[in-house]
Amino acid sequence: MSDNLLEIENLRIALNGDPEQEVVKGLDMEIKPGQTMCLVGESGSGKSLTALATMGLLPKVLVPHAGSIRMKGEELLTATPQRLRKLRATAMSMIFQEPMTALNPVARVGAQIEEVLEFHSDMSQSQRKRRAMEMMEAVHLPDVDKMYRSFPHQLSGGQRQRIMIAMALIMRPQLLIADEPTTALDVTTQAQILSLIRELREEQGTAVMFITHDMGVVSEIAEDVTVLKLGEVMETQPLDQLLRHPQTDYTRDLLRSVPSHVPRAASPDSSEKVVLSTQSLCKTYGGSGFIFKSREVNAAQDVSLALQHGRTLGIVGESGSGKSTVARCIMRLIDPTSGQIMVGDEDIAQMHQRDLKARRRKIQIVFQDPMRSLNPRREIGESIIEGPLNFGVPRAKAVERARELLELVGLPASAVDRFPHQFSGGQRQRIAIARALAVDPDILVADEAVSALDVSVQAQVLDLLAELQKRLGLGILFITHDLGVAAQICDEVMVMQHGRVVEYGPAGRVLGDPREEYTKALISAAPGRHWDFANFRPFSESGRAATSAPPSA
Amino acid sequence: MTDQTVFTPGDGRVSPLDRVREIVFSSPFVFIASLILAIIVLSALFAPWVVPHDPVRLTPAQRLKPPSEIYWLGTDAYGRDLFSRIIYGGRISLVVGLGAAVFAVASGLMLGLLAGYIRWLDAILMRMVDGLMAIPNILLAIAIVSLWGAGIWTVLIAITIPEVPRVVRLVRSVVLSAREEPYVEAAIAAGSSTWLIMRRHLLPNTIAPLIIQGTYICASAILVEAILSFLGAGINPETPSWGNIMAEGRIYFQINPGIVLWPGIVVSVAILAINLLGDAVRDALDPRMAKRGIDR
Amino acid sequence: ETLVAVKHSALRVLDPILTTAYMSRNHGYMIFDTLFALDESMTPQPQMVDSWTVSDDGLTYRFTLREGLKFHDGSPVTGDDVAASIARWGERDGMGQVLMDFVESMGQDGDNVFVMNMKEPYGLVIDSLAKPSSNVPFIMPKRLAETPSTEPIPEQIGSGPFTWVEEEFQPGVKAVYAKFEDYVPRDEEPSWSAGGKVVKVDRVEWVVMPDDQTTLNAIMAGEIDYWESPPSDLLPVLEASGELEVRNLNVLGYQTIMRPNALHPPMDNPLIRKAAIASVYQKDVLDAMIGNPDLYSLCGAMFVCGTPLATDVGSETLTEGNGQDLARQLLEEAGYDGTPIVIMHPTDVGTLRTQPVVVAQAMRDVGFEVDLQAMDWQTLVGRRASQAPIADGGWNMFMTNWVGADVFNPLVNNMVNGKGPDGGWFGWPDVPELEELRMAYATSGSLEEQQEIAAKIQEVAYDEGVYAPIGQYFVPSAWTSNLEGVLDGPAPFFWNISKN
Amino acid sequence: MFGYIVQRILAAVPVMGFVALFVFLMLRLTPGDPAAIIAGDTATPEQLQRIREALGLNDPLHIQFITWIGNLFQGDFGTSVISGKPVIELIAARMEPTISLALTTIILSVLIAVPLGVIAAWKHGTLIDRFVMLISVLGFSVPVFVIGYLMISLFSMQLNWFPVQGFRPIGDGLGQFLHRIALPTFTLTLLYIALIARITRTSMLEILGDDYIRTARAKGLPERLVLMRHALRNCSVPIITVIGIGFALIISGVVVTESVFNLPGLGRLTVDAVLARDYPVIQAVILLASLIYVVINLLIDIAYVLLDPRIRYS
């Protein structure tokens, strides 16, 4: 009898129980009481499935057909549904990735927390309420009385995630499984949640199985780390050990792909002509309505920027700060409320859609979500040539060009007649880039173009963009909330908050030596900023901190 | 979104024929439904070669005969062969069903696309659509038929008109949500015109829901035709349709229930088959249904 | 005690003078009374009238009303009421209009004497006043009878054996009548609408059931007492139940007819009209429509078999079914060019659904092109009034049914009216000879003379192809066996029936 | 909330206006003449003309329309041209059977169909699911009158459990009322079970894959509560929509049931009125039915807001 809390041994999970279609291939793992174990690995490597298998919540089609999962010696895979129900919330509980959808939208959050007590304790109604409120306070929710009666949609993402945590911990389980609990949150909120989990673990002695693909987060929270790849364990090591001495090539590659928070050298020439600029751009949403006006949102206020030929301007800021709004105004996908948008020497801010059509070939956009920005029903070739056809390029020529472009972005030319779902996320994002390039634009707007991608894939796409920029002299407007990414690609950075520009300047200066409080807060919240993953050591040891000025600044 | 998606080599297209085959063989229910439907459609199509008797020829001396070797299902009140009438009746009923589905879907599709994409038109069209929807459909149909005279065209129109608003609303809602999709924005950014966007990006999205709506309309039109006949506002009773065979036969329910029950069974089976097929197509076209395993 | 009866259709219009609808006529018989009434030998008998005299020159009629006749509002019936009622009826009814042509003046002489002065002697005065079917000369209070004949009377007050229960009237659902306690019946035995109208139940409810199948179930389950006109096909089921009585009450039955429109080509040619008639065999029509031979008879008499004026002159093809060759020959002779004949086909009326189908088939068989147009009865009613050409919504032919009593002499029979587009009946044949003959009939003295003229009319009518009876049929009624005293008559009567 | 309701009611005005105009024109521009119907078989053209005059049918169309609308605003729905009774009285007398039947049908259908749908979704892909779906497809595959006849011949004629026809107002006693309304209710219910069970199943299927259902399970809740408390509540919006639309449909759908069971309801009134070209009655009934539809839609929208806190008035 070991002293492990959770033991997973040779866990094999297969689609429909068919050993040919295994998605988890003989996983072993042990978690001791009070230990924090991080599960890392690229998307699809089986992290979530392992967690779900432990909870007994696997989708029906996925069958654990071999191995065992033991909780304090008790086999879970063969436990009855009743027994599992009993164990959930009391012995083990789970927090899910999406705080938006993991809560029942039509029930008050207080009731959702209390529900746990209803089934796992014999407290009275009022006791339950008191306990729930205590727990809500314990996760540092403000104004608990009001929160208690709120519906999920009335809370922010961070608050919702706290509710989830309160719900998971209210019965003081011995094991907390957190499946990417912060991925959907912006950096500041993420930092708060991570420290909350740390704090609760220390107070309650809960063991944590923490799932993430973000090495930064790992470096902040893990004691031990298990690296997964395609359903197999690559290695398990204590955190420091892993970061300094990764045992496998896979782990090494993974660590090398993590974008550094040290800004890259800016492109040398800063006297190039301005290809895109805005003056006092404002966008106000809402305010319309037949009798009763809807609420107004000032999504962008007084935004002025200038993008030079062949250079990259980054826009960073937390979620909802108005980054996309600026991008969409510039693309004239929405109509700006006021201000100017100069493309070349023409103001397109109030231009009629008909006249815009011809101007569109100068400026193209790459959207955040590569799957949704490609029509799933059309071959990707069709998507790529749509623009050229609109601008009068003969079809045969357009297709020829599409093939070239695919090769340019590193895909086989023969891929033109495949459908989007037949590609991986990174490949799709390359297709989206190829599409944007198809009309030979001067300006490329990339709105969170790499946020949805794995670090390794992300790195490839960023390299691609940099290369293209060098070859074609594109001006890139790059929108991201990831400061590491911004540091890697931008020549200049603009920080936004609540629709306003807070700070604007050369990337090295803004990220290395921020002047505004907000920028500082943003930078200090970024997880893993102390660690130089690519060189397997902390920055402190490499002799310069992430916050110090880059050499070329 | 998984990035692990395997890069499937080879041709990604599925030919329409394969698609049909896939749907038909997706479950034994669907297979049987397709088979039955095929039999009904073919026998209606080739009715003149299938039926043993002239379906309109009156032979008063043979009225209300029970099933026999000559008259397989017996005869109706005019001495016409019930079996032959049911086979021929399929022609009208299927034409009404298909016609209503095609007309309703076609006109609803046009109006819905317009409403969904052209803001100012939307308000006007939607008021009219709301108004049409508010008028009770059977009453509207009865009014149209009895006012304009009963013929296959009027019955078709009467059945179609009340269905159009539903299609318009459906298409409009699909368009409204599709036009928020990034790929539509991407098309705008690529300089595509409104019409091109509708044709390339919005129209294909409406197809799956329209097929389901279409099968529903088809089935309900066959029933409404029967109801109109029942209420005395159906197709000219000389021409057999499943509806008017039943309607004419109902007073003989005690004497020869087969006149109502046989066509009733055929109608039910046909509609059942159409519905099952519609569901199967829906499942095939809506990947979410097929892919998503339900957690237990 | 309440007697629940299912009627053949809904009571809609309550004024039996405004409309000729049978339901309104039947309603009239409930709450109104008549001066004279026909007995089962079709002889006029006094009903409200106690005694009457005719002056020797035949110009003055004096009718003395019975003692104690009262309207439902309590006022006595006077000669003035009668005069006003007859005048209103005379505006609407065909036979009444003829009568009015002969009347010089009408009025009262003392409270209960009604006097009628004629311009010249007229043989059918009493027959007119005893007219049994639509429109029946019902007697109503003067204030009601003064309503223009194109507007409905505002109240239902009569002197008949039943009173009208307005509160419970739901058009299209039910009509309710209560026994009129102050009604003074005659002493004679009831016979058709003549004789004593003794009411033996407290209430009569007329209900409408939209579905025959439902009515059948309801009467079998004992939920209703009386079914006025069950479809003939259901009679065996009703008879077989053992608890129901099924009997034909109307010995003259119904005449079903086909009526060509004489205004438009090709049917403006009498030869074509005759060809159409010659193509039809009554037995085919009746077999399809009624089925049971006990319930129909082949009858070519325009004035209905079983009446004094019945004759089979000119009707051989109809009753023998041997006219197809003649029809083809006539078509040839007329040079028929294949123009389709538009037959209006009402699909919502059970008793009219069949004939057009059979006739169409018969006509096609001899070489006609037929365009059978389905429509509801009300569309037909609207459209048949149109004299417009076919292309503009006109028509060539339709079928309808008449109660025997509505067609049993040349004056009431609308179809032998030859006045043409002005004053003729739908179809509008313009045959002056027919009009002369009808006038001769009206003024003729003896039955023999009448029979002779009627036969001549029939001959001319067939020869001109103005219309053809395509069968006589009977519609038995059914009632539960606890009803007694159900009367025969040209219309259904509800007095004399007791329920135990 | 109040403002929202006012706004919605204002928005209904053009809808009703469209219905009024549509119905009016449809009736007047088509053949059929109530005067000919009143006059009967022997009327001369001149008499017809006078009757038309008396009914106001000779006025120009726009005058007739304006008069009608004007009277409507004064609460006057006109009088039936055929029976001479005020339309409002005719309708009032016919409301109860129709509304009763609609209510009993909806209530019974919901009670049966929702659990069926839930079970089918829960047992998705199993034989139970298939069976429930088959039953419900069958429900709307069989013409209503065929179901009605079969019901009567089984339950009334053979078993003698229910009367074959007729209606008793609820004022005559609940027992009487239910006894009479039972068969028509069963008949119509089959159809609505089909509709409601299907939508329940479909929306449950979608919801059951949602994250918060997994959360509920992760909390260790019993399956019954996961389904009822978390899943069902979240699909109430589509279900309510179908119920609401179903209710509106019933108003016209009862025509056949009313005929088969001889219920003196609105459906029959309208059919009779159409067949007799009783314009004021047809216009009023259709307008009323549309109004009911609009009101039900309003209620549905209000229900949305109550059931789903995310939906706001807009």
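Odds and ends about this structure:
As written, the chain order gives the labels A, B, C and D, with residue 1 at the start of each chain.
Going forward, a residue touches a chain if its C-beta (ideal position, glycine included) is under 8 Å from a C-beta of that chain, and two chains touch if they have at least 3 such contacts.
Owing to the predicted nature of the structure, the values given are computational and were not obtained by experimental measurement.
The chain pair with the larger count of C-beta pairs in contact, out of A-D and C-D, is C-D.
Distance between chain A and chain D, defined via averaged C-alpha coordinates, is recorded as 50 Å.
Rounded to a whole number, the gap between the C-alpha centres of chain C and chain D is 40 angstrom.
Work out the mean CA point of chain A and of chain B, and you get 46 Å between them.
Rounded to whole angstrom, the centroid-to-centroid distance between chain B and chain D, based on C-alpha atoms, equals 22 Å. Within chain B, contacts with two or more other chains are made by residues 146-147, 149, 231-232, 250, 253, 294-295.
In chain C, 211, 213, 348, 376, 378-379 are the positions where the chain touches two or more neighbouring chains simultaneously.
Residue positions of chain D with contacts to 2 or more other chains are 31-32, 149, 153, 214, 217, 259, 271, 275. The list of touching chain pairs reads A-B, A-D, B-C, B-D, C-D. On the side of chain A, the complex with chain B involves touching residues 42-44, 57-62, 230, 328, 331, 333, 356-358, 360-361, 364-365, 367-369, 371-375, 377-379, 382-383, 386-387, 390-391, 417-419, 421-427, 432, 435, 439, 452-454, 457. In the complex of the two chains, the chain B residues touching chain C come out as 57-58, 60-61, 63-64, 77-79, 146-147, 149-151, 231-238, 248, 250-255.
Residues of chain C touching chain B in their complex: 211-213, 216, 231, 233-234, 236-237, 283-284, 287-288, 291, 345, 347-348, 350, 353-354, 357-358, 360-361, 372-376, 378-379. Those residues of chain D that touch chain C in the complex are listed here as 31-33, 36-42, 44-45, 47-48, 50-51, 54, 80, 82-85, 90, 93-94, 149, 152-153, 156-157, 163-166, 258-262, 264, 268-269, 271-272, 275-277. Those residues of chain D lying in contact with chain B across their complex are 14-19, 22-23, 26-27, 30-32, 124, 130, 133-134, 137-138, 140-146, 149, 153, 205-206, 208-209, 213-214, 217, 248-249, 251-253, 255-256, 259, 267, 270-271, 274-275, 282, 285-286, 289-291, 293-294.
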